[in-house]
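Consider the two complexes below, in which subunit A is the common component and subunit B and subunit C are the respective partners.
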Partner chain A sequence: MPIVTIDGRQIEVEPGTSVIQAADRLGVEIPRFCYHPDLRPEGNCRMCLVDVEGFQKPVVACATPVLDGMVVKTPHESSVASRAVNGVLEFLLVNHPLDCPICDQAGECSLQDFYMHPDYGQHPSRVDPVEKVHKRKRIDLGPRIVLDQERCVMCSRCVRFSEEVSGFGELQFVRRGNHVELTAFEDRALRDPYAGNLADVCPVGALTSRDFRFKRRVWHLSHTDSICAGCSTGCNLRIDHFEGRIERVVPRRNPDVNRSWICDEGRLSFRRLAGAPRLTRPRRGDRELLWPEAVACAHESLQTASTARGLPLLAFASASATNESLWLIRQYVEAAFPEHRLEFRLDRETEAVAERQDSLLRRADKHPNTMGALHLGYGRGVGLEGLVAMAEKGQLGALFMLYYPPLVGEESEETKERIVHLLQLVSESVVLTTHELPYLADAKLLLPVAAWSEEEGTYTNYQGVTQHAGKAVSPQEAVRPATDVLGDLWQCATAARRPTGSEHLFREIAASVPAFRGLSYAALDSRAATTYPPEGRMHYGQEGFAGR
Partner chain B sequence: MAQLLTRNVLDPAQRELQTALRSGAYLGFKQALSLPAHEVVAEIEASGLRGRGGAGFPTGRKWSFIHAALDQPVYLLCNADESEPGTFKDHYLIERDPHLVLEGVAIAAYAIGAHQAYIYMRGEYASIAETLARALGEALDAQIVGPNCMNSGYDLRITIQLGAGAYICGEETGLIQSLEGRRAYPRVRPPFPAVHGFLQEPTVVNNVETLACAARIMAEGAEAFKDLGTKQSAGTKLISVSGAVERPGVYEVEMGHPLMEFLAHEAGGVRRGRGLKGVIPGGTSVPILTAEEAAPLTIDYESMQSAGTMLGSGGMIVFDEDTRMPHALLRIAEFYAHESCGECTPCREGTGWMAWVLRRLLAGEGRPDDLELLLRVGDNIEGRTICGLGDASVQPVRSFIQKFRPEFEALLPKEEQGTLAWQSHGHGPRSGRFGSPAKEAMRSQAVDGPPTAAL
Partner chain C sequence: MARKASRVVDVRQAAEARTDVLSSTAGTLAGMEVTLRNMVRATVGREHVTIQYPEQRKPYSRRFRGVHVLTHRADGSLKCTACFLCETVCPAQCITIEAKDVDDPRIEKAPSSYEIDLSRCIFCGFCVEACPEEALIMSREYDLTALSRGPETLAYGIDRLTERPEIAAYGAGFRPHMQYPLVESYLPGEGPEEAAAEE
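For the complex of A and B:
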């Protein structure tokens, strides 16, 4: 296999690897606009010019395959490459509007970052603002994206995303020379259900997210790596939040799961979460309870209704619960109820959202952890319909339910009716849930638990890949993570205390459940890229400013 | 004067198949069909024919690059886009001897094993496209091309495609993209068209004149062709001369023909007896020659190269002593700014910038270092673009300024005006900035440099 030397460091790569890929693997920064690891290389921005020994002129690292023995120098080491890259950068700024102060991309803009780089940026301007070519700004491209043609560097990432990835092909360049404009035909609204990614792939402020624009300057944001809980794909994403509020969600690159993309539904699922009123305190009927009382009450009433009457307890958990919650439910139920059924629902609701699936990322199963539930011994069982039938025959003693409303899509009316019916039929029911949901109002005891993004845990996607989701924000008021509540219930049943940290619980799972054997909590994230944007952020701003 | 391609151009009936056949049309194709394809390639290689579109690449070698798998389609594309300013030789040839062009297309297609050939013409050539289509119809009816060409068992379909008139469509990968129905954005090479060309299949793109030469070579033999011209430039060249000459037009000259003799005799001398100031020998993309430089040269690849320019497309533009070179250069620079396809950064932004600076110079609003700026911008375009048109836009700017510098300097603001306001803001020339290793230079710039920057 060819061995290449980049800035004095050697790496062996597969034949056909491009210089930029080899450099990325080495961690050598090569500036780029048009190159994107999940798009076909186009070589049009010329920003990744490098100096290759034996070549007469600088070549683009993105479209030059590595040859054995190649010696490459990047702008960090070579004045030839540095001059070339600086020339390109200067060209890109000739007609750039320089409206950074009012640009939403500021702070995560490649053009801004590259200009600040001491090795190839920071040149004095040779252009007067009056000389610039002006283009249209603030073009409405539908509910997701706003286009600013002046800021566009014509890298064509968005055009290629639209053609190659989502397949909608709604963007194109028109006109020529420095009058080239990116446009959607007649400025029509984009129909692409993945349009949100266009703002992510755009290295500058040309395509910005309508949802996030002007909400928060990006340098104010804190970041938490997470997994989308909108469907069973489990796209890797990063939650950007400010003072306990989620401001946006962006994809993290994971070549095995979602590459660099997420769907718009998943991207905006956090808004759904915040859109409905939350359940904030434990409640029995109209009476609000404090947690110790609520937990004791829950355990006792389940005991009475089930064990005392010799009828089985039905433990029923959404497949949106984390592996750790599902594991603890099993632990609790097995310890306290000799007669029990463990089920999760997977009946008609998949059909209700069938039109929201495709071959790219979106799957019909809108639960992030169906596979985990199956691995942990939850049965598809008789389904909701069968359970209602059992309850009607008086075969169920009590119902214990951990219920998460879907982040994407809705439960069908039929499903909701069945839940209502079931809750009316069983004599005792304890429901742990996140929101005030009318169809759960008949539960005898309601316990508020943390929603996605408010608790740490793991999900196993449809491929069987177990992934870690971090806690980005804290739940409000008396809301607690489900694992905490379940730990307390377990204590009621066994009179013993147990740790309920997700790392500890995961270790227990890995030790006892075959499907998880050998997995280590710390290593779960290793398959995903660490940061956004997908090509890796370059942190040199400090150095640049320090010199000034 | 040698007549190879233009032998029959003065007979209007030559456009008709019967007349053309009487003059020997398609004999070369017949000869080619009697040989195995590789021998046709060998014959063209032996003739020393080089591409007439501008780059002068050996044609036989280009054909020999096609190594297609048996089940893989191969395409021949005839480049009749002829968009280089000052060039109108292909138009002349197609208009007056369309069968010669079709014969060349058929021979090349046979040689590389293509069963589909496209003739890509610029949109402005609609009228001669009709002429060519009529000729193609006649050749099809006579079963010269089409299924089972001349009973040889070889099938060839020829399609004429009109572009919409963009300079970039004359660039071979731009042409391929346009033919595929895409925006004519050139492709990054490698892969070269011989490997992944039209529809990602092996493809050869040849100029009209080149293919016409191939037709003559197959009819009359490589030796006869090689006997014409010089050692490195075999055959003849069509020169389309325009500008300040008495008789602009298309002329065929033997390679090695003295340039001055050509201008004096064929072109009728400089218009109205004025003195010669300069000549662009091969389209605006090649460096201009001053009268002194042009004097000893001959019309062939090597002589032009020795003077630092190129024979190019043979689109010769003559400037007389009254020409204001900055104005002429602005006209050229505006052409490139208008025609830059806009795909890659240096050409997209650089061509517009150069035109802008020239415009303000001519408007009397120039700055003291504008000539330096033009040259530096050119340096930053050259060799940094996807296709050759970036380099092409720089050649005229650099050569005009170098060779006619006093005329440009006269446009600069006078010294006594003192330091202009913008100078004090750190917009000055950057000479020597990258003299030391880049990192150090840039660092010191960051520390000691002026407080103003672009962002």
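For the complex of A and C:
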């Protein structure tokens, strides 16, 4: 295999690897606009010029495959490459507007970062601002994207994304030279259900998100790595939040699961959490309870209704629950109720789990953890429909339920009716849920639990890949993570305390469930994806100044 | 070295010991001399050491960092573009901005709400230095009172940061990057003490 030397460091790579890929693997920064690891290399921005020993002129690192014995010098080491890149940057900035204070990209803009880099940026401008060529700004491209033609550097990432990845091909360049413009035909609204990714692939502020528009400057945001809970694909994403409020969600790159993309539904799924009224306090009928009272009441009433009458308890957990919650429910039910059923199927999750909704990412099963529920021994019985039939015959004592409303799409009317029917049939029901839902109104005892992004945990996607989702924001005052509540219930049943941290629970799962054997919590984090560009590497803010 | 034994002094006895008439009268007269000198200076010479606050006020420097002012364009709209730089730089984190889209084709972004919690503000002036548009300057208004510490009383929104008569009365203060004279009706009017401060 070819061995290449980049800035004095050697690496052996597979034949056909480009210089920029080898440099990324070494951690050597090469500035780039048009190169993206999940798009075809195009080599049009000329920003990744490097000096190769024996070559007459600098070459683009993104479209040059490595050869054995190649010696490459990046702009950090070579003055030839540095001058070349500086020239490219100066050309790109000739007509760039002085928009940074009002541009949403500012703070995560490649153009800003590269200009501030001491090795190839920071040239004085030779262009009088009044001579700049002006183009159209603030063009509405539908509900997801706003286009600003002046800010575009013509890297064509967006054009390639919409042609190669989503297949809609709705963007194109028109005109030439100074007057070249990115445009959608007649400025028509983009129909692409993955259009949100256009704002992510755009290295500058030309395509920005309408949803995040002017919400926050990006340097105010805190980041938490998470997993999308919108469907069984389990796309890797990063939750950006400020003062306990989620402001936006962006994809993280994971070549095995979602590459660099997420669908728009998943991107906006966090809006659902605040879109409906939340359940804020434990409640029995009209009476609000305090937690210790509520937990004791839940355990006792379930006992009286099922074990005391010799009838089985139905433990129902939706497949949107984390592996840890599912595991604790099983532990609690097995400890306290000799006769029980574990179920998670509201609908046809098991058949739908791997069923594609389109050719890219979306899947028909709108639960993030169907595979986890199956691995943990749920759903070996008769399903919701069968359970309703059992309840009709009076064969069910009580219902214990952990229910999360879907973050993408709606629960079907049929499912809602079944839930209402089941709740009316059983004499005792304890429901842990996140929102005030009309179809759960018949539950005897309602306990508020944390929703996605408010608790830590793991989800197992349709491929069987277990991934870690972090806690981004805190739930409201009296709302607790489901694992906490279940730990208390377990204590009621066994009079012993147990740790309910997700790391501890995951270790228990890995030790006793075959499908999770050998997995470690820490390794889930490290195998998870990176953001692109890799965080802390392609951003040259303060370090750039300090280095001078 | 052995420690020196401390001397115990009864304060009351010491005070009594000093109450000989001569020395206390001398002390009082020495104090009275200062008082009388100032009285003569104020009444005969009309040289006042104090002023009749709040009817009279001292002129302060043009660099005085008082209550903030949001400035206007000539057409009366706010100059602020909601770039959040003042909020970013504020060490007391007392500035809260919300931005909105504007219909005007020349302006893209403007604040829908702009609030400075003056009960938290430390009047360092960083916000004014950070502002690229000189949309935020400081005035010479310094006497800031409120009847409670609630956020409503000293959290000034756009309306109170622009149009209050006090701002006009005190005049503009700290505005380090001012390249242009303060015309364009940034403020409702310059303060009456303008000439005095100029000296």
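Couple of notes before you dig in:
In this text, the second predicted complex is superposed on the first by the 526 of 548 C-alpha atoms of A that agree within 3 Å, B and C clash if a C-alpha of one lies under 4 Å from a C-alpha of the other, contacts with A are read in each partner's own complex, and residues count from 1 in each chain.
Following the convention adopted for this analysis, a residue touches a chain if its C-beta (ideal position, glycine included) is under 8 Å from a C-beta of that chain, and two chains touch if they have at least 3 such contacts.
In this text, all values refer to a predicted model and were calculated from it rather than measured experimentally.
Within the superposed three-chain model, A:G43 lies in touch with subunit B and out of touch with subunit C [touch as defined at top]. By the document's definition of touching, neither partner reaches A:S427: not subunit B, not subunit C. Within the superposed three-chain model, A:T5 lies out of touch with both subunit B and subunit C [touch as defined at top]. In the superposed three-chain model, the partner touching more residues of subunit A is B, compared with the other of subunit B and subunit C.
When the two structures are aligned on the shared chain, A:Q357 is found in touch with neither subunit B nor subunit C. In the superposition on chain A, A:S412 makes contact with neither subunit B nor subunit C. Of the two partner chains, subunit C is the only one that A:R217 touches; subunit B does not reach it.
With both structures placed on the common chain, the touch criterion links A:R176 to subunit B but leaves subunit C unconnected. On subunit A, the surface touched by subunit B in one complex and the surface touched by subunit C in the other have no residue in common.
Remark: subunit A residues 101-102, 137-138, 213-217, 219-220 touch subunit C in the complex.
Every residue of subunit C that touches subunit A in the complex is listed here, in rising order: 81-85, 87-88, 99-101, 108-109, 132-133. Against subunit B, in their complex, subunit A makes its touches with residues 41-47, 49, 56-58, 60, 63, 75-79, 82-84, 86-88, 90-95, 98, 100, 112, 115-116, 118-128, 131, 133, 153-154, 172-173, 175-180, 544, 547-548.
Considering their complex, residues 166, 183, 185, 188, 337-346, 348-353, 356, 373, 379-380, 383-386, 422, 425-428, 430, 434, 437-439, 441-443, 445-447, 449-450, 452-455 of subunit B touch subunit A.
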